[in-house]
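Order as written gives the chain letters A, B, C and D; numbering starts at 1 within each chain.
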Amino acid sequence: MVGVLFVGLNGAVANTVITGINSNISFKDNTFLPPTIDNDYTEEELKSFGSIIKTEYFKGIDFIDESEFIIGGWDIFYENAFNMAKYHKIIPFEYYYKSQSKLEKIYPIKGLVNFWDSNEAIGSEYSIKMSSLKTFKEAVDIVRKNIDNFRRSYNLDNIIVVYLALPLKMIRKLDELYDLSYEDLNKIDPNYLPSSCAYAIGSILEGCPFIDFTPNLTLSIPFIEDLSIKYNVPLAGMDGNTGQTLLKTLIAPMLKLRNFKLIGWYSTNILGNNDGKILSRSEHRELKIEDKLSVLEPILGYSDFEHVVEINYYKPRYDNKEAWDNIDFMGYLGLPMSFKINWLGRDSILAAPLVIDLVKHLDFAKRNGFKGIQEQLAIYFKHPLKSRYNNILKELDLPIKTYKDKLVLSFFDAFNLLYSFYKRNVKAKK
Amino acid sequence: MVGVLFVGLNGAVANTVITGINSNISFKDNTFLPPTIDNDYTEEELKSFGSIIKTEYFKGIDFIDESEFIIGGWDIFYENAFNMAKYHKIIPFEYYYKSQSKLEKIYPIKGLVNFWDSNEAIGSEYSIKMSSLKTFKEAVDIVRKNIDNFRRSYNLDNIIVVYLALPLKMIRKLDELYDLSYEDLNKIDPNYLPSSCAYAIGSILEGCPFIDFTPNLTLSIPFIEDLSIKYNVPLAGMDGNTGQTLLKTLIAPMLKLRNFKLIGWYSTNILGNNDGKILSRSEHRELKIEDKLSVLEPILGYSDFEHVVEINYYKPRYDNKEAWDNIDFMGYLGLPMSFKINWLGRDSILAAPLVIDLVKHLDFAKRNGFKGIQEQLAIYFKHPLKSRYNNILKELDLPIKTYKDKLVLSFFDAFNLLYSFYKRNVKAKK
Amino acid sequence: MVGVLFVGLNGAVANTVITGINSNISFKDNTFLPPTIDNDYTEEELKSFGSIIKTEYFKGIDFIDESEFIIGGWDIFYENAFNMAKYHKIIPFEYYYKSQSKLEKIYPIKGLVNFWDSNEAIGSEYSIKMSSLKTFKEAVDIVRKNIDNFRRSYNLDNIIVVYLALPLKMIRKLDELYDLSYEDLNKIDPNYLPSSCAYAIGSILEGCPFIDFTPNLTLSIPFIEDLSIKYNVPLAGMDGNTGQTLLKTLIAPMLKLRNFKLIGWYSTNILGNNDGKILSRSEHRELKIEDKLSVLEPILGYSDFEHVVEINYYKPRYDNKEAWDNIDFMGYLGLPMSFKINWLGRDSILAAPLVIDLVKHLDFAKRNGFKGIQEQLAIYFKHPLKSRYNNILKELDLPIKTYKDKLVLSFFDAFNLLYSFYKRNVKAKK
Amino acid sequence: MVGVLFVGLNGAVANTVITGINSNISFKDNTFLPPTIDNDYTEEELKSFGSIIKTEYFKGIDFIDESEFIIGGWDIFYENAFNMAKYHKIIPFEYYYKSQSKLEKIYPIKGLVNFWDSNEAIGSEYSIKMSSLKTFKEAVDIVRKNIDNFRRSYNLDNIIVVYLALPLKMIRKLDELYDLSYEDLNKIDPNYLPSSCAYAIGSILEGCPFIDFTPNLTLSIPFIEDLSIKYNVPLAGMDGNTGQTLLKTLIAPMLKLRNFKLIGWYSTNILGNNDGKILSRSEHRELKIEDKLSVLEPILGYSDFEHVVEINYYKPRYDNKEAWDNIDFMGYLGLPMSFKINWLGRDSILAAPLVIDLVKHLDFAKRNGFKGIQEQLAIYFKHPLKSRYNNILKELDLPIKTYKDKLVLSFFDAFNLLYSFYKRNVKAKK
């Protein structure tokens, strides 16, 4: 068994993971299945879709199975997983209603909030206001205690912590943080760093792998990766790569290789879930937009094109994130052409299997002695972090470029990186 | 100088090549340029867009330049290149009107037609009706003589023949052709094989590289490749890969690697040029549709999905081919998602730089002793032919799969194949 | 109470009507509602959406309420309404599962089939093969007996028959039918007319209003309307106007009034229900396509434009009919512009409230002495039939044009026609 | 002859009007025409497209012809009409190059700018800075003098002034302006009112009809309409209705009559002309967005839906304004459906014939004694102004609703208003 603690347990993604794992999709008499060419997919197949680990390319690697996850986590909204699933309406009721009693037992630990959280979070009654603490270190200690309690309750060896909370406000002072050290935590104000750092640092100190699936800067702060090296903890981040950016890392390299000159890329997103609501506020949106914007230039190798990314909160879409992209390029003689992509996705359905995969990757990494930022997981992220200790890339001898603090990869190169990593390490072990 | 003979000289693609090469796009006072981020692209840059050879990846290879092309060809419509450019309306008039006198001198040689050509072609006055000949061999001899005349007129060493004529009717008896031999040409009826074969065989016998940019079966007939080996002639084909299929070879591998289960792909095309008119007839459409349909299954490795491809003649689009694709897939728990791509391309603007590239590749191949089907050129074709003598792939040791008579490649693998070929051969030479 | 007999009881539309009327959508704790701006719509409001009768414009008219419908009908597939609802997956299970016992009692009467029905229908075991009867009249008598039994079972005064069966094959000989008379039914072969005529004639002879919601030619046969005049029965048809054609009757008049010259309209439809499957066969598609094609020319007043309509069976869409329309027009100086509409509808959800409305309109008509084709109902149909006895239009003095056997109306004129009819008749009564 | 003075003579719309009127589109040998079904439209037909006046519905009314326009105007960019046409690239060069010498003579009068103009305008050297004047009245006098000079130069009776300048900044104090009177102009600061008011007031005092085709508040200021009544001058405004809003006034009434409950309408616009650049700044965008937003609620009669309108400056589109609309609605049982419209328009090509129409309407109005805001012209505007003296509507006895200071009309009602106005007045005259 492996423990999985979500920061944001009651959010759409974590709840989809929990409810998905606890779904029963029987077939003989099931009339609720989405209409497909034929209805004889097995439950195992249906639960495999969207997972990279479950393709034929990663067979034979000793990943843990999600049936062995013991799930818990923090939230600032006190409700059980069953009622949250009904609220989120992401998974059909028929899939999980038989697990009602199990799901009703899953309640969150009280979450930490400080200045950088959304106003809704700050206003929540079910939260620990970090401003009431003396130092940031105290917040870290609370996280450590929560983790330790969970470990003892279920008698767990390994626990992975996944950060899935709503986007924080932009940290405007990342530059200052480059010199921050672990020792400073005892001195700094509890609002100095975002609450996400308390979770990350607490996890590392407890020896727990930590995944940042959000656009926050947590794992970009140098001393945090340093700490993970010291404590032998693998990390992964940041900003899960689900839809629009995935398509950008697919299409931009094609434009380059086919010598189509990009002249403009207009992207608009409409979504109606809480993520969309928070992202519609400029102070929360900046980092996300930056992640989305910074993907084209390093791949193309030039910057004289228009790139617009809009994110709109639009309630009728709910969790079904929709995107419309307009790609304008010049062909022979400079004549303009374009294509438009209308993406009708399901945000949490796309994210959930990636989160499950990442838990397994970090469990594997931890068991096999890897530490620091795991760059081989770049395919999972919009902003794949570059490690300051990148032994993995060096060993694989792949010609991967970097751009600021991120790896620059086409979708296929990112896949090859992951594939090569396991090919080498699984072989090595045998 | 290198000779370039187009079968279909007055068609949209060949005319775009000729007119494009003869375009003058001056910049200081040019107000006709398409609106771009900034208007300071050089003429050289604008003429490079859409060409794979002109990316940074193929620098330093001694390709011939298109300024050294001497262009001629066959057609069944007698008109000069200037008037055809005005008719086709593909390139802005301002780009080429200064080359009027040069373009007005380019007229086609009389083309061959037989049973497999479109009814319009068969009805043309400016054509050689093969049915009036005694054997198929006589048609081949006419082609040889035409080539020889062209060679002598311009005192050329190397001539590349590019087949760009309108789609032929389906050959319903390809199976029978597997045992056909060159010697049979003296006996068979001039309608037994399509006119395209007369061009291909004539070219090979004259030592001229031959490119099939159309969905016809010409180069799939075994004895034709055999002949090219014997006469040391490189070949390339088939069916130029411009828009919709290019996107399929890009997206389908992503679906596979991300474990999105494809449940349906609906593709419709609307175009209003002559190609569209001919393709709207079922007997001419079959091969094209087959090429378009056969691209997904071998990449994905399964076939339980719907795949519909429609081609509609729709005059308001003219040469601006538009496609609408609807891609339906299942994600986690089998929940359906989709995305739609609306492609607003320019058919001949996409094709022209590929044709120019291919001429250069075959000129390179000829000069460097390559013969038979040049598999390294797979990226250029919807239906990249597999050679029966595939030494290239063997040498490069790439794990490329095949499917019936074609290579199965994602867009990126196809690019790597081309890149590796030149890396190896240019290195080897030095 | 009013009886409602559906031909095609187990089809998607009839089943949606039955299941919809029997849905319970409670609000206080309902978590299954589609996400809307606010979730406090009442059940009554939610059941009113899509119904023209339930707008503010038809208040105060004594329509019967659907709670007073007693529903039955014919089908060639023997299953109850509850299992059919689970099969069709059109209405969320949560809405109707509390009505299970009621729905499980609704089974169809055995349907009539003959040469013009689809091969699936002809092959069904649960059917009366008309070819085994001696004359067409015998089929009519079976329908009459079925209706009479239903009337007696529920002690009903008025019964409305609604034809919702799958599209029939084209009748290639409509011209011959102009001289057919009722008396001929005793002589003609049971395959001479489609089975739909047996239902229509049987209904009329039993005094029951008849609605044709399909693209079949039933009500275009002159003696059938004659019969309805003789027997004082109102009729309505044909081919329900749900999505794409509705938009055409909205947009085409705008193009005309704004002087935008239409140069092309390309429409493609993808749908995956049984309707789509049958319509994908050319012999069943012709009438539907004709209805869809004939809507533009009479509105615009010219015909020099391209008009393409495609219907594709595409299973991943199921009942969610999707359409993509491409409208090309010239503006000032002939410069081309276009717009594209991507319609993501739900076929039966659109049709069901129209069917409910039509039953109420014909019940009103019957009670108020109207007979023959009810032209005021034009807004409900793609092919609004012109009556050969059109007293209604004459009385309203509306300048409505006709085109072959149909009324030509913009969407707004069609609405005004309906509105004026009731304004006049309800006033008249008082 | 009638004089036409444009404020914004060198802008895209005014230049398109001038260049369009001076285009020669010959047919026999013209190869530059947009590809259409057949190429035998006459020049007269091609110049009629997009004009409401030139439909069959307004035949026989004595409108002036555009060949009788004498065109001039103000701008803050000093260049002639020929060079501007080359810069704007809206009309194909082939259409107007024969009119070079005529177009090269058209240069603007120096324009007025003050605080409310865009920063580019304020920075222009070719402008009269109103801040250097003593009172607002002085600016009005300059306009009067300009008009008078133009009148004398061409010996004109009637001059129509059309305001087509770039969007001004929002006037934040419209409420204060309700009590402003003409006499105050002598006292107020030249920055108190926007420069557009100087043009409007100057025109009125000179007896010239004035059209506001922009979203500015000019004609909403009460004393300005008062003045027009006093001086017998007809006015028209505001904010030309070209694309997206036109579709809204078409679709929203259909949603209402078909009882589809609107739950959200997301509209995004991308355009790359100067209008787009200015509108991308929030202070200039507010009024435009307000006009676009306020169209749905009054038509639908409810406001519980999401309505988002985005305007993005996106240079690759240039003058070809593109819009993407997403319309979400509930059908039967509250089930959600949607449709999306992708509008590929040409901003100035849509606007130009409307401007030409409006000049003719105001010329007709002036000649026939109409004064004040001409409400019958509502179809031309996104924000059709309500007159404080609306005798026209009263006379026509149409049940037109109002909403704040605008008329609320479906597209078809707006057409009927125009049609009825002329039917009545032309009849009356005879």
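We adopt the following convention: a contact is a pair of C-beta atoms (placed from the backbone, for glycine too) under 8 Å apart; a residue touches a chain by one contact, two chains touch by 3 or more.
Note that the coordinates shown come from a computational prediction; the quantities given were computed from them, not determined experimentally.
Student: Identify the chain pair with more contacting C-beta pairs: A-C or B-C.
Tutor: Pair with more contacting C-beta pairs, A-C versus B-C: B-C.
Student: In whole angstrom, how far does the Cα centroid of chain B sit from the Cα centroid of chain C?
Tutor: 49
Student: Which residues belonging to chain B are in contact with no fewer than two other chains?
Tutor: Residues 35-37, 263-264, 306, 315-316, 336, 338, 340, 342 of chain B each touch two or more of the other chains.
Student: Quick one: label the inter-chain contact graph as line, ring, star, complete or other.
Tutor: complete
Student: What does chain D use to touch chain B in their complex?
Tutor: On the chain D side, the touching residues are 31-32, 35-37, 86-87, 89, 93-94, 272, 315-316, 318, 342.
Student: Under the definition above, what is the set of chain D residues touching chain A in their complex?
Tutor: Those residues of chain D that touch chain A are 263-264, 266, 268, 270, 306, 308, 310, 312, 314-317, 322, 324, 326, 328, 336, 338, 340, 342.
Student: Considering only the defined contacts, which chain A positions touch chain B in the complex?
Tutor: Touch residues, chain A against chain B: 16, 20, 23, 25, 33-38, 41, 45-52, 54-55, 57, 91, 95, 246-247, 250-251, 253-254, 256-261, 263-264, 304-306, 330-346, 349-350, 352-353, 410-412, 415.
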